[in-house]
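What follows is a set of structures for review.
In the two complexes that follow, chain A is the common piece, with chain B as its partner first and chain C second.
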Partner chain A sequence: MSEVAFLIGLGAASAAALLGAALPARLRVLCAGLLSSAACVCVLLAAGRVLVSGHAWNAHSSEVLPLTGVSLSLDPLSAVFVATAAAVGLAASCYTIGYSAHSTPSRAATALFPVFLASLFLVPAGASVATFMVAWELMALTSLLLLLSEHRRRKESQEAAQWYASMTHVGAAAILLGLLLLATHANGQTFVAMAAHRSRLPIVLRSVIFLLTLVGFASKAGAVPLHVWLPRAHPEAPSPVSALMSGAMVNLGIYGIIRVGEDLLGGGVLWWWLLVVAIGVISAFFGALHAAASTDLKRLLAYSTVDNMGLVLIGVGAAGSLAVGGERLLAALALLASLFHLVNHALFKGSLFLSAGAVQQATGTRDLDQLGGLARRLPLTAALFGLGALSVSALPGLNGFASEWLLLEALLHGFADHAGATVVSLLVGVAALAITGGLTAAAFVKALGVGFLGQPRTPGATSAREVAPSMLAGMGLLAAVCIVLGVAPGVLLPALRRATASGLAVGAPSPLRPGLGLDLASLNGAIEPALVVAGLLGALVLTWTLIRLLARRDELHQARSAEAWGCGRELQTARMEVTATSFAEPLRRVFVDVLRPDHDIEVTHVAESRFFPQAIRYQHRIDDGLERVLYRPVISAISAWGRLARRVPNGSVHRYLAFGLVALVIILVVLA
Partner chain B sequence: MRAGRELDLLQLTAGLVLACSVVTLWRRDLRALVAVLALQGGALGTLAALLAVQHGDLGLGIVAGVVFVAKGFVIPSLLARVVRRDPGSRETAPLVNVPASLVGAGALVIVSYLSAGRLTSLFPSPATRLAPLGLATVLVGFFLLVSRRKAVSQIVGLLLVDNGIALVAFLLTAGVPLLVELGASLDVLLIVVVLQVLATSMRSRFGHVDLDQLRELHD
Partner chain C sequence: MSPAASAAILAGAALKMRMPASLLQVAAIVVGGPLLVGLMAKCRARAEGRIGAPISQPLRDLRKLVRKERIHAEHSSAVLAVAPFVLVASATVAVAISPLVTTAPVLDGGADAFVVVYLLLMGSVALALGGLDPGTAFGGMGSSRAMTVGALAEPALLVAILALSIQAKTSNLPGIVKATLAHPGWLASPERLLALAALVVVVIAETGRIPVDNPSTHLELTMIHEAMVLEYAGPELALVTLGEAMRLGLLFGLVANLFFPWGIASSASLPQLSLAVVVLAAKAATIAVVIALIEVSTAKLRLFRIPELLAGGFVLAVLAVMTGLVTR
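What follows is the complex of A and B.
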């Protein structure tokens, strides 16, 4: 039943691609959008059935791919990732209908979107090395082309695409190498055969395989220091694609780490998972800090993705190290928490990227310093963005809070009866969770306050109009799920528990008691978000009523009304408002050693005197410090090598012929 | 006795093929180059005919005839027409001068003798022991391609490579199938015609046929 729905979904995506390529302009956007949504619904049903029943299915066809055939399998672990991708995909497909009506995208872009969606479903469902890698490369290529789809309008997307292409290819090569190494030693390329053989491999070989695949998967998940492509590619892609990349594609990096590390290699040794925790901690801190310092709305969201993937990696690493230490219950809790956070991140980040796209479409810019006052002009978009911002800042009543609370509980309980490296890593994880919580809140207060409140700073922001209903529907869908999972996180937990059980090599007991809230059964700790929300709402209503009742009528009427954020001043212009840059200034000063901002002041003097400046130009930029330290030397070495190599072919036919002769003689001498 | 004389003749013709290719490095006059090429083609055809008689193989005999006519007469006469367009043209300044070229040719012959051991041990017989000569012809032809400037010298170098390959094929396998040899000969003929047209148009366009000037086409 589930496999039929899955295949129907893939078929619908293919039909969407074909129609997107064939139909005329207006019609193709509508048809491709509707068919993609239908595909997502089918796949969501398929994955949901696996998650509810807990029964995995396998399918094999030897006709589709020559030599190896295609093997698909959906177990609860894969189903979580498929379902997440389908949920974000549904919202994004719906959103494309309105988004593309503004400026019709090319046939290629319309047709590639459903293919990208299908590849996001196929990667977690792939059950053999060949199937997995084909789907993985399909995902990389389609997302690369979609990223380039607006290259005529924006030159930056070309540079972003170069970074993305090189990083994703290096990553894919590392994964392929690792999986082939595993397949050769396990005498079979299906995941089942490899998992059956895992205990017979020497630990050194398993470690090499784990490290190789970790490089590829961590780069896809945007983990520092392999994250450099992410803050470029996610902002430059068209917004529905950004939402899919940030909400669904980066998750598959996490999927790969869990699948290979736990399922195919059987959990391995402690240092693997400590390494994962370390990467997670660095990513979380680095991402949150850059998000707090960014002034570009989508770049801020992209860095926040790096941050959240870091948190998920901390959870995965903690689960792995606790499992190695024999703490099955805590390991299950940590993995469950990180999967939950991953799902939540997909939901709120998808919604945020879609809202950012709406802002960009309505105002023509995504620079926070040029926005402002959008809450009055785009009320629904602003409300939906606000919900997403509250959720990513992990405020109670929304889903981000539920999963971060669980993650924190898992890490804190892990201290109790452990010693040594695991405890230190958990402790550092808790610290990272705490500091990123604060930085993320700062980043989103900035985005919401500077972007949506106050007065508009540019004509573009002044003349903004609310976006199309289909776009609002896409964002609203994700925001609604965020609220449901925030108030009643218990509804998703049984499904995640099944996924955890199929993800952990050592098996997993149930760490949570069933119910709407979060209740750690044998560990002490419980929270009922529904009650928290009810209490907060009650307090709000009570305060409002009390003010109304207690204040005298004339006092209320005497109150002067002034502009919001105006500090009571009567005359308030946009130039007097706090900008995103100035809001982030204190943080930038505190973390100057990490952020390394570039300042550039240019003073032009009046011709007659050097004492009277005519114009002062101030430029301020924050580059990625790690990129400068780690990547620039590599890039300059490669281009130096390239310049050297260019001297070899000088255009002389004789020289080229001499290469042939020398090669021939060398081969003859070597073979003799 | 009779077998011994056949072997002598075989060695003589194979040696002649290699000697001709070394002579191409020595002579600068393009007419002489074409004449030497014709001689080499004839020697190759004769060698094939000798092998055909030795094995009593009619197909090989026909191949020998085709090779004799194509490499001994048709292709050299086509080349002679190119040379006749500008009489007195010489390879005035080769990239590697003549004495050095001859030393290089000696080195290439040594390399081919050293490296052909594995090739001859596949099917040891008096004929296969001559295979290094064919290999050396290939290498010398390649060396001619690398070291000479004129378009005609280049064509001759290419044909030397082809003759060398044919020689190795004859010696190792006692002849290739008729169809393959016909196809190969036609290919070579086609290449010569194309190069002839190219050389002619180069001369009319640039006033010379010095390949080194093509470097200017490089970005």
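What follows is the complex of A and C.
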């Protein structure tokens, strides 16, 4: 049943791709959008059935790919990732209908979007090295082309694409190498054969394989220091694609780490997982800090993705190290918490990227310093962005809080483990979680307050109009799920528990009691978000009633509107408002050693006297410090090497003939 | 009857039993919070050689404000009007589920320390958004500073709570209080003392007292909280003031009960509850006097020295956790 629905979904996506390439402009956007949505619904049903029943399925066909054939399998762990991708995909497909109606994208862009979607479903479903790698490359290539689809209008997307292409291919090469190494020693390239063989491999070999695949998967998940492509590529892609990249594609890096580390290699040794925690801690802190300092709306969201993937990695690493230490219950709790956070992150980040796209379409910019006052002009978009922003800031009653709480509890109870290294890594993990919490709240208060409240700063922001209903439907869908999972996080527990059990090599007992809230039965801890929300609503009504009873009758109707206090100045203009740059200024100063901002002040004087400045130019930018330290030397070394190599072929035919001769001689010597 | 239905009825009965005690807590904090603010002002005045306003002055101010006219800044949206209500509502729920007067508040099982922390964050976020809403220079500056101080205080707060939670093996607030009651020896353990020091730093920062923020200043360059709420007037200003006073009362009460819980009511009987209210008032008043004396005897820190203070609090909290892990 489930496999049929999955295949129908893939078929619908292919049909969407074909129609997107074939139909005329107006029609193709609508058809491709509707068919992609249908594909997502089918796949969502397929994955949902696996999650509800807990029965995995396998399918193999030797006709599709030559030599190896295609092997697909959907177990609960894969199903979580497929379902998440399908949910974000459904919202994004719906959103494209209105988004693309504004400026019709090319045939290629319309046709590639469903293919990208299908590849996001195929990667977690791939059950052999060949299938997995083909799907992985399909995902990388389609997303790269989609990223480039607006390159004529935006020069920045070309540079972003270069970064993305090199990082994703280095990563794919590392994964391929690791998986091939595993396949040759396991005498089979299907995941089942490899998992059956895992205990016979020497630990050194397993560690090499884990490290190789970790490089590839961590770079896809945007983990520091392999994150440099992410804050460039995610903002530059068209918004539905950004939503899929941040909501679904980065997750697959996490999927790879769990699948290879736990399933194919059997959990391994402690230091693997301590390494994962360390990467997670650095990513979480670095991402949250840059998000707090960013002034570009989509770049802020991209850095927040780095932050959240860091939190997920902390959970995955904690689960792995607790499992190695034999704490099965705590390991299950940590993995469940990180999978839950991953799902929640996909939902609110998908919604946030879609709303950011709506802002960009309505105002023509995504620079927070040029927005403002959008809450009055785009009320629905502002409300949906606000929901996502409050969710990512982990306010109670929304889904971000539920999973962050679970993650905190998992780390807190993990201290019961007595292995020294694990405890230290948990402590560092908690500290990272605590630091990112406050920074994330600051970043999203900035995005919401500066971008949507106050007065508009530019004509573009002043004349903005609400976006198309299909776009609002896409954002609203994800926001609604955020609220449902925030109020009743327990509804997702059975599915996540099955995924955890199939993800952990040691097997997993159930850490939570079933119910609407979250209740850590034997570990003594619980939250009841539904009751907290009920209490909040009750308190709101009560306060409002009391104010009405106490206030003077004639003051109740309409509040008087008056000019804001301007310190005695008249004329408050939008230029006096706090900008995103100035909002982040105190935090930038506090963390100046990590952020290392560049300042540039240029003063031109009037010709007569240098005491009277004519114009003052102030420039300020924050680059990625790690990029400067780690990547620039590599890039300049490669280009120096390239310049050196260019001297060898100088255009002379004689020289080329000599090369041929030398090569022939070397081959003969080697073969002889 | 299905097990789910009977569980629901049992939960309903438990709620009914716990509700009066929680409402008593809310009432105590609604009245007690402003009184604590008044007490601190009085202490400061006396220490500075003035007579000062009566302790009940904040309550009278509230009564005056609530009857004044509602005025909104011209470019503001609904956020400005809603934020004070969210602040008061989040503080009310946080007070209702905290073990202040009774060890059995509503949501006994769900009264988690992290829920209270994030409810307080909800109030801070609402106020910061309210500060940005009118689109003025001051409001935004205040919001920016408040969020910065909050972002730096949050890690110290969470890790300090973690230190207590590891010792009590739960992050459930009534659970921590009950565990402390059962183990009086914890009071002198080094991790408790370190966590207490960290929490005091956080409380000073979160309630906006000297040396972090000066509640009685109106000098633009140094304001944090006052700049953020500059555009509020009338009933809405009353709500902001009340919400802030409730948060102060809650934090003082929590610090008192987490570290010195004796006197808290363990049953819902009227004499026990009324005794507990008196004891809580005495404990919170002691903390208020101590903090007021700190305020009088220190100068306000420069804005960019505050992070050093809060980082110190964070280090103390981390040390608390580490001491706990080493000595267990």
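In this text, the second predicted complex is superposed on the first by the 653 of 672 C-alpha atoms of A that agree within 3 Å, B and C clash if a C-alpha of one lies under 4 Å from a C-alpha of the other, contacts with A are read in each partner's own complex, and residues count from 1 in each chain.
One rule holds in what follows: a residue touches a chain if its C-beta (ideal position, glycine included) is under 8 Å from a C-beta of that chain, and two chains touch if they have at least 3 such contacts.
As the structure is a prediction and not an experimental result, all values here were calculated from the model.
Asks: Just chain B (first), just chain C (second), both, or neither: which does A:L433 touch?
Replies: It touches chain C, and chain B stays clear.
Asks: What is the contact status of A:T543 with respect to chain B (first) and chain C (second): first, second, both, or neither?
Replies: Only chain C is touched by A:T543; chain B is not.
Asks: Kindly classify A:P202 by the partners it touches after superposition: chain B alone (first), chain C alone (second), both, or neither?
Replies: Neither partner.
Asks: One more residue to check, A:S393. First (chain B), second (chain C), both or neither?
Replies: In the superposition, A:S393 contacts chain C only.
Asks: Contact-wise, after the overlay, does A:A574 reach chain B, chain C, both or neither (first, second, both, neither)?
Replies: A:A574 sits against chain C, while chain B stays out of touch.
Asks: Looking at the overlay, what does A:G642 touch: chain B (first), chain C (second), both, or neither?
Replies: After superposition on chain A, A:G642 lies in contact with neither partner.
Asks: Classify the contacts of A:R376 with the two partner chains as first (chain B alone), second (chain C alone), both, or neither.
Replies: It touches chain C, and chain B stays clear.
Asks: Of chain B and chain C, which one touches more residues of chain A?
Replies: Per-residue touch count on chain A favours C.
Asks: Classify the contacts of A:L453 with the two partner chains as first (chain B alone), second (chain C alone), both, or neither.
Replies: In the superposition, A:L453 touches chain C alone.
Asks: Quick check for you: in the superposed arrangement, does A:V669 touch first (chain B), second (chain C), both or neither?
Replies: In the superposition, A:V669 contacts chain B only.
Asks: State which residues of chain A lie in both footprints, the one left by chain B and the one left by chain C.
Replies: No residue of chain A touches both chain B and chain C.
Asks: Inside the complex, what are the residues of chain A that reach chain C?
Replies: 292, 372-373, 375-376, 390, 393-396, 401, 405, 408-409, 412-413, 415-416, 423, 427, 430-431, 433-435, 437-439, 441-442, 445-446, 448-450, 453-455, 517, 519, 523-528, 531-532, 535-536, 539-540, 542-544, 547, 550-552, 555, 559-567, 572, 574, 576-578, 582-587, 589-590
Asks: Flag every residue of chain B that touches chain A in the complex, lowest number first.
Replies: 95, 108, 111-112, 114-118, 135, 139, 142-143, 145-147, 149, 211-212, 214-219
Asks: How about chain A: which of its residues touch chain B in the complex?
Replies: 649-654, 657-658, 660-661, 664-665, 668-669, 671-672
Asks: Once bound in the complex, which stretches of chain C touch chain A?
Replies: Residues 66-79, 81, 85-86, 88-90, 92-93, 96-97, 106-107, 109-110, 112, 114-115, 118-119, 121-122, 124-125, 128-129, 131-141, 143-145, 147-148, 150-155, 157-159, 162, 165-166, 169-172, 175, 220, 230-231, 234-235, 239, 303-304, 307, 314, 318, 321-322, 325 of chain C touch chain A in their complex.
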